[in-house]
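Note that chain A is present in both complexes that follow, paired respectively with chain B and with chain C.
Let's turn to the complex of A and B:
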């Protein structure tokens, strides 16, 4: 079962639209892509102090355990959520950060794009930073097709904001297309060892 | 662990705002109420045909398994979702339905309120039916406080829609306050037997 799973976590502050990102991603993969998907958010005493997280687990078969066990992809929109939720990152996972707010990075397997700065400069609207990030994720996550993600996004946002959100998505996609994924270092950990970490 | 859990499912069509209801409920209980909460939606081949579901599991202690095992409360916004997602209803659970769209009811432990008709008649907006339903749920669900639910709702909806959504919530609350919960029949099943069903 486990090798079938692809596990994504998104972390950020309350105002950064973390849940909306995860819902759109889950709908793109599940409703539009036809895979099994569970999308979860958990709250507890630790869910304080400017950070929240949402998770998406994708599988080719039915999902027994819907929470992240080890992250394949972690999108961190700010430093507190990166610090708090990095703990179960896979050795050869991919970290994607909003470099506007993140300075301390705990892995070399990282792609840093200033989502919020792009939103601010290109669209004069910080609040579309999450859609910029989704555009980048659409390019970098092998489990979702860009067109499914765009479709799911346009179906979820309020109709009068579709053009703005679609443009923000395109800007994030373009930023990620400029990144050379093959240049990222790989940990010298076998998959088996990696799973035990 | 299990006796600590309180499990809620919300089912409806894609356009009825099922996920938003569950997110607001989870934030009311978790962020405002300080309990442990997991909120989940799952997609798979069965997530077709005008129905979707979202789940909220509440606990006084950390939640190991975040999906519903047996529902304490099931809010069904239409007939297809009631038919599809009723299967793990607790013997003495509570079913809450939108009687605008639901006619076939599989239990006598039901409260039927025409959420969509109220939204249509009082607010000329069918799309606030989910907020009417949340108001009713705030009165009927012992795990959430009405004021937490209202706070979470107002924080989640777009600012220019707060008055409308707040009024819809109040209308649902009032409708549920007219219901006599004590008059509902109880199944003659012990809790132990009930858990095994």
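Let's turn to the complex of A and C:
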């Protein structure tokens, strides 16, 4: 169908903060950016571990089906979630992975950044790997403006962690700015054909 | 978290929107017991109610939760509880008490996979018939289904209004998808929300008959502590509220309880038509599935298929008038549900000659637009 629907999925392990990332992203796009947005998630009954995914659908018009149909952007924080949730990747979609944990990559349209390693080395806290990834997402996702994302992030996290989260966000942003997007290969399936597949 | 002022654009979950809707409708007591996927309602209520001089109680279980809700409502306070399938099962006995004693209250059931503890984190629509018939005995009840964040706000306000107007428990059926989907929503200000309050007695206390009939069939309701001493029981009672065995009084009470809902049918029956003009084939859906259906209908229209959607907001009393119109208009109707066919059976009861296709999915996943589109002939 002809519409400007843009679909993002974030996959990881329960406890990595993928839902928080999606909530911040949705807030940046929907509240600060003024677009229609639907943010959904699916996870198991475990408090930690297990596969977890969160999705954000962005559109200029009201969104009917709230979940991802075909991903434009997929951020995988570990290998099991990449394996499990890669199936509806769009031709010409963009895959972003945490190369600390992801070894087998199913497409060449990929950007690999070691989010967790950056978090460990620069901030001595693996916990902020999701905010590092969010910084990268801010640069790579055309639907969101970096300043909206930063604002939404700082408003969501507990006040005493603002500096740490803000720095982690900046580190991820810097890492993504070093990537040459134009060098990525295009899919052999055109965007229009892709819709029909 | 939300806790925000009116008129602001906020990102809310369905569960959070239910809280905002309840507060806007005047709800000032929440008693509940946490359960996935309804816990956010409790959580947010515990933050918001104290700020508006309301009462939040985390109870020992769901039986006590609805007990507290009924008690508070009898004392004149609009009350809410929220749960999921397993907790809803525990509430059934007291739900019957609320029906018999005609206590207005709202019960949210965020449906997850069942039976038993089932699938705590996955959506389903398996509690539709339980909402209608879960408690024993012949009883009228109102059941509403929500499909979005905006719905979760508006329908919750409406649920309270109907409960107050008809003195009946109202059940809101949400599901895991609606409950946890975040969407932007502009919270209406207090002056933008229509709020209905129960009729209070206008007679002096000594003349008050708590269950006296009137033209609407809805007796005026005094609050406990207002000086209108009266008796409330789960036994069949006469106008004064005391138990009776007299056939004429039993008959009058049961029939009045049904009559008040029948009288209000056209107000209570809420549905939404989408692209029904000229439709030859229609989808009848509710809850999160209605969203998939909407997309499926748009996809079908793009392919030149004359498809339409009737979204059911009221599930009970079953919106048979609106459904009947669709059945007269269309050659075939698809009823997709995340259960083995609960509303589709109701549709078949209304049906005369239309072809009804039941489409079921029970694997803990939302039915996709493509699945419905295929059924539409796409």
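FYI, the second predicted complex is superposed on the first by the 187 of 197 C-alpha atoms of A that agree within 3 Å, B and C clash if a C-alpha of one lies under 4 Å from a C-alpha of the other, contacts with A are read in each partner's own complex, and residues count from 1 in each chain.
Here, a contact is a pair of C-beta atoms (placed from the backbone, for glycine too) under 8 Å apart; a residue touches a chain by one contact, two chains touch by 3 or more.
What you see is a predicted model; the values in this text were computed from it and never measured.
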Looking at the overlay, what does A:84 touch: chain B (first), chain C (second), both, or neither?
neither
Check whether A:31 is in contact with chain B, with chain C, with both or with neither, and answer first, second, both or neither.
both
State whether A:42 touches chain B only (first), chain C only (second), both chains, or neither.
both
When the two structures are overlaid on chain A, which partner does A:69 contact: first (chain B), second (chain C), both, or neither?
second
Check whether A:23 is in contact with chain B, with chain C, with both or with neither, and answer first, second, both or neither.
both
Common interface positions of chain A, toward chain B and toward chain C:
23, 26-27, 30-31, 34, 36-45, 63, 65-67
Going by the contact rule at the top, pick out the chain B residues touching chain A in the complex.
19, 23, 26-27, 29-31, 34, 36-45, 47, 62-63, 65-67, 158
Over in the complex, which chain C residues touch chain A? Could you list them?
9-11, 36, 120-122, 177, 180-184, 288, 291-292, 294-295, 298-299, 302, 366, 368-370
Can you check the complex and tell me which residues of chain A touch chain C?
1, 23, 26-27, 30-31, 34, 36-45, 63-67, 69
